[in-house]
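Both of the next two complexes hold chain A, though its partner changes from chain B to chain C.
The block that comes next holds the complex of A and B.
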């Protein structure tokens, strides 16, 4: 049963992808959706067996790599962490498959799309159920590649091409960090199996643990879109909306969080790494929220909100509250998928318009979509007793409850971010649904509520966004809950749940909620009741600069393009044309020989005194060579590697004239 | 058994020698449209091609049989055949775990190379076929010979044949220069071997000199920084089959040479020069990757990417760990599968249909060639070292090995993971996606022959990526003996 959970989506993907022509559109939709739903049912059973009954499952399918002390198996491991996350992944994924039936119905490439979606789900399942780092890495890379394909789904669009290349290469930067982390883990522990590493990590050198943790975090940063590897996520909104919901909200971006959660027994022994993780998480949350404040693309706002929430999760990991981070991951998967799918419904029914400045007044036309978007937004900004409240508020309380610098930093930034989150969420709501209509009349005439295949997923996700936190919070993050068993490790020194629950001031606990309230009321007031005021506010040069700075995402893309991409290409050009073409290439060598000859010929001046000088110099050199062993220490010549360096530098010096003459 | 392996291609080429080429071949020019000229080719040509193909396939089966019979628990050479009647050298052949896979790679790639140019060589067909069969024989000789002098001879002997292939069947007006460059560069690199081969008193000092002599020869062939300029030129101007052989096996001669000669015979000097080699290899990886990104010619781009992959191989070889060396051998094999496949994709399939190799003219192939695009994508990913491919295992094991020697070098070498993704995906994206290029006519998807060619290269890449132990079991004993035995 446990293997079928992974194999069913894979099967659906293969049938839909390679036999799409044979099974047709309907067949492909039927097969992939059925496989996913079956898989979700099995995952529910797994959640009962592994999670609620507390009996982790390990499956070993035989040896993969066997080289000296390196022994890696095809191994899958289901514990409480896997099934909790797996539940979110498979439920969201199934609902998004069903949603896509209607959303993609007019596309000519439905089979390809469904195949990608299912392949992505299979990759995600391999990632969370892999029993060692290498098997996990298979899933890790699979979701990266499928994300490339999905962002590039409309492959004739140049924007899609650019965004997908950016996403893949940026993820590869993280993969590089992760791979180096694997090398370090292997040389320190002699193994890549979770069980071996985690049981040995208390006894290892703290510096080594810190290096490993930071390298793993580099992988997580790229996958989970934290500063400075976040810039691929807003661009990836070029993908069809179900993809944005599945990959860039619910699942793919949580892969990095999963990696950190899984590696908790390593991270816990390095306070430095935890500090770095907290700082980066809090900064990311704040940065993304401020950038999202002034975006005008419907999906892009939600994308920045995703980055911001990922920042919260990373922050929780840095504060060693892994169960809270997991709870927030699962909650976020539900309400963010709801927001994206709701946005998709809006875009779909409003002539594919994505600019929120050209919408407005849609509450009359799309009341149902408005309701689910409102539920999603309220859950996102942690309205008390909705799903988001149980994790997001708790993160902030726990941050303060640490009574450390990093905790305080996280609390301050997190609380401000909560206010900003409320502001941009309600800015979206008021600009899209509440204000006066700003779009063309044609769009309004043709706007309509979506059909059942879109409504059902939205209703289910809305229910989850309302109820999931209430039902599961005591299980996941309750005081003294032993639900996670051995799957998450919190060092006894780092447990701060008691302080957070019982010793904080009421004002500290209520501050995020108050700020959220202020933010949402302000947003509705400014964008719905009194839009002139915000116009006047931005009508001076400083405001415009700030607006440009925030709208331009702190100019990170500019920095990357200007300093990394173009400099890298220039370096490539210099190497291949100048260095290998002129200096070390055949052309360069031949010109170097000719030029050397010419330079030597210049010595032949025909003046007797010059010749006398040469003779004297020659004599002196000869004398020097003869007496050198007595006068100076020649032992450095006996070092062979130095001689090579001398020779290399002489060759370089000789070829300089050829470089100069070229210009 | 090995004698058979060596003789079959020679017998095949002897048979080809006595079949007359039909006179029609003069009239048919070497046109781009491969399918069109297929019906006009004379009967003898088809017969000749079939003979050559069957010969090479027969050799493949013989080598597979050798693999099947191979005893992976022995450290000695197996299937040894001696010809001691010759007294100027020791004409002994044998196989151990290290050379086994290089022989298999050679016998596997030769039929692929012959099939890749199956329809578009019509002039001098006989020369073409004979040279490839001879090339196979000579390469196997180099891999199995147990005598240093013979190794040198066979190591060099592939050069004249490659020269002929590039000059006679290459593209472009510059091909003579490219061929000459290949010949002179590699020959000049190898001369030190020839001069030093007569030294036999092995003190550490002379080991160092010997080591340098061999190293320069192998570095030119690998190719390592700074001796790389011949490779992109040779690839760009050689015919497709030549590129395939060059990438898949000729470069592996150097890999094999490092293992067999430098690490095996001169361990102290290897240890002494380890930092030098690692530095050079890291420079090769980074520089080659950067110059790969900006290439405009597709074949040249793949050639440059070979350089950075071979850099990782060299890092693994000189890591002095079992994981590193086994990973390097795996990566060398993986490169031997993936690089030819990419050459077939860009230099064969796209070039045959459009006559273009400049990336800017090609765009949007996914519109007309979906099947081709899928396979091209998978190979592109394999080239970047995606998990489940053999490249991934090779790269990771090599770098794990080198990390245990020097973490900084390993981290620098790992930049190849990012850069290879950059240039591979950039190439794939530009060729396959976007609007359909206005410079091209509508083209047909891949033919059955091309499909099976690519699939036959894809299967081992993925299968060995999932079950590398099939390969690793025969490597363990030999590699352990290489490192630990005195």
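The block that comes next holds the complex of A and C.
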């Protein structure tokens, strides 16, 4: 059963991708959706068995690499962490598959699309159920590649090409850090198995643990779009909306968080790494929220809110509250998928318009979509007793409850971010649904509520966005809950749930909620009731500059393009063509072989005396090499070495480019 | 019959349209934008009868500079227009060969 959970989406993907023409559009939709729904049902059973009944499952499929110093096996491990995240992944993925039936119905490449979606789900499942870092890394790379394919789904669009290449290269930078982290883990622990590493980590040098933690965090930063590797996520909105919902809100971006959660027994022994993680997480949350304030693309606003929420999760990891981070990841998956799918429904019914400045007044035309978007937004801004409240608010309380500098920093930035989040969420709601219609009449005449395949996923996700937190909060983050068992490790020194629950002043607890309330009311007032004020505000050059700065994402892309990318390319060129171009590297090897061939050809002069010289030289060399043991009294091993040195020097001499300067 | 050339008229109309569009990008709501649009129109109308090429050049240059200063960093682009979100999406593939070697002059 546990392997079927992974295999089913993979099979669906293979059938839909390689036999797409055979099974047709309907067949591919039916097969992939059925596989995903079956997989979700099995994951629910797994959640019951592993999570609720507390019996982790380990499956060893056999050895993969078995050298003397390293042994890696195909191992899958289902513990509470895996099944909790797996539940969110598979539920969101299944609903998004169903949603795509209607959303992609007019696209000519449905089979390819469904194949990618299922392949992504399979990769994500391998990632979260891998039993060692190596198997996890396979899933990690799979979702990276499929993310590239999905962002580039409309491959005829230049913007999509650019966005996908940016996403892939940005993730490669993180993967570089992650790979070095794995090398470091292997050199320190001699193994990549979770069990070995986690049981040994308390005894290791703290500096080494810090280096490893920071390297792992580099991979997580790129995957989870934290500063400074965030800039690929807004661009990835080039993908169709279901992809934005699945990859760039609910699942792919949580892979980095998963890596950090899984590595909790390593991170806990490095206070420096935890400090860095907290600071980066809090900064990311604040940065993305301020950028999201002035975005005008419907999907882009939600993308910035995703980066902001990922900042919250990373912040919770840095504060050592892994279970709260996981809870927020799962909650976020549900309400963010809802927001994206709702946005997709709006875009689809409004002539594919994405600019919120050309919408308005849609509440009369799309009342159902408005309701679900409102639920998603309220859940996102942590309205009391909705899903988001149980994790987001707790993260801020726990931050304050640490009574440290980093905790205080996280609390202040997180609380301000909560207010800003409410503001931009309700700015979206106001501009899209509430204000007077600003779009073309044609779009309004043709706007309509979506059909059942879109409505069902929205209803289910809306229910999850309302109820999931209420039902599961005590299990996941309740005081004294032992649900996670060994899967998450919080060092006893870092536990602050008691302080957060019982020692905080009421105003500290209520401040985020109050700010959220003020933010949302202000947004409705400024964008719906009194828009003159905003217009006057942006009517001078300083405001326009600030607007441009925030709208341009703090000009991070400009800085990268001007200072890093060109320099990096130049450095790469220098290394590959000039520094190592002579013998080493692919370029060096290829030129060396070409030169060798040319030089050997030059020996063919057509003059008999030259050939006689070659024969004499060859004979002398052969005599020397063969009779070396007799002549200079060496052993057989040295004799063998002599032959190798002889051959190598011939090739080296021949590979010089200017042996004969005739050409 | 206007005394201006067709090229000049088309340029001024383009400038007028760009100014209006930029203003709407900032204002968003059409009811509030109406007043601004009237002011822009009045500005153009005021210089309607300027025929001196040098004076016109100064006025147009000033208008362009003003527009550049107020340019919206994220202008509204219709989805099907170049730069829009649906531009180049699923363009039909070329069904024939990209370069027809058989009918090329060399054959």
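Note that the second predicted complex is superposed on the first by the 567 of 663 C-alpha atoms of A that agree within 3 Å, B and C clash if a C-alpha of one lies under 4 Å from a C-alpha of the other, contacts with A are read in each partner's own complex, and residues count from 1 in each chain.
The working rule: a contact is a pair of C-beta atoms (placed from the backbone, for glycine too) under 8 Å apart; a residue touches a chain by one contact, two chains touch by 3 or more.
Note that the structure is a prediction, hence the values are computed from the model and not measured.
K.L.:
Just chain B (first), just chain C (second), both, or neither: which does A:482 touch?
P.N.:
After superposition on chain A, A:482 lies in contact with neither partner.
K.L.:
Of the two partners chain B and chain C, which one touches more residues belonging to chain A?
P.N.:
B
K.L.:
Just to be sure I read the superposition right, which of the two partners does A:108 touch: chain B = first, chain C = second, or both, or neither?
P.N.:
In the superposition, A:108 touches chain C alone.
K.L.:
Classify the contacts of A:353 with the two partner chains as first (chain B alone), second (chain C alone), both, or neither.
P.N.:
second
K.L.:
For A:156, using the defined touch cut-off, is the partner it touches chain B, chain C, both, or neither? Pick first, second, both or neither.
P.N.:
Both partners.
K.L.:
Residues of chain A that sit at the chain B interface in one complex and at the chain C interface in the other, please.
P.N.:
156, 158
K.L.:
Provide the residue numbers of chain B that touch chain A in the complex, in ascending order.
P.N.:
Against chain A, chain B makes touches at 181, 185, 208, 226, 228-229, 272-273, 275-276, 287, 290-295, 304, 321-323, 326-327, 364, 366-367, 381, 384, 386-388, 393, 396-397, 399-400, 403-404, 407, 410-411, 414-415, 417-418, 421-422, 425-426, 429, 432-435, 466-469, 472, 476, 480.
K.L.:
Report the residues of chain A in contact with chain B in the complex, numbered from low to high.
P.N.:
63-68, 70, 134, 137-138, 140-142, 145, 148, 152, 155-156, 158, 161, 164-165, 168-169, 172-173, 175-176, 179-180, 182-184, 186-187, 568-569, 571-573, 575-576, 579-581, 584-586, 640-641, 644
K.L.:
State the interface residues of chain C toward chain A in the complex, per the touch definition above.
P.N.:
Per the touch definition, chain C meets chain A at residues 25-32, 69-70, 73-74, 76-77, 79, 85-91.
K.L.:
Within their complex, state which residues of chain A touch chain C.
P.N.:
107-109, 154, 156-159, 295-297, 351-355, 357-358, 360, 431, 435-436, 438, 531-532, 535, 538-539, 541, 544, 547-548, 551-552
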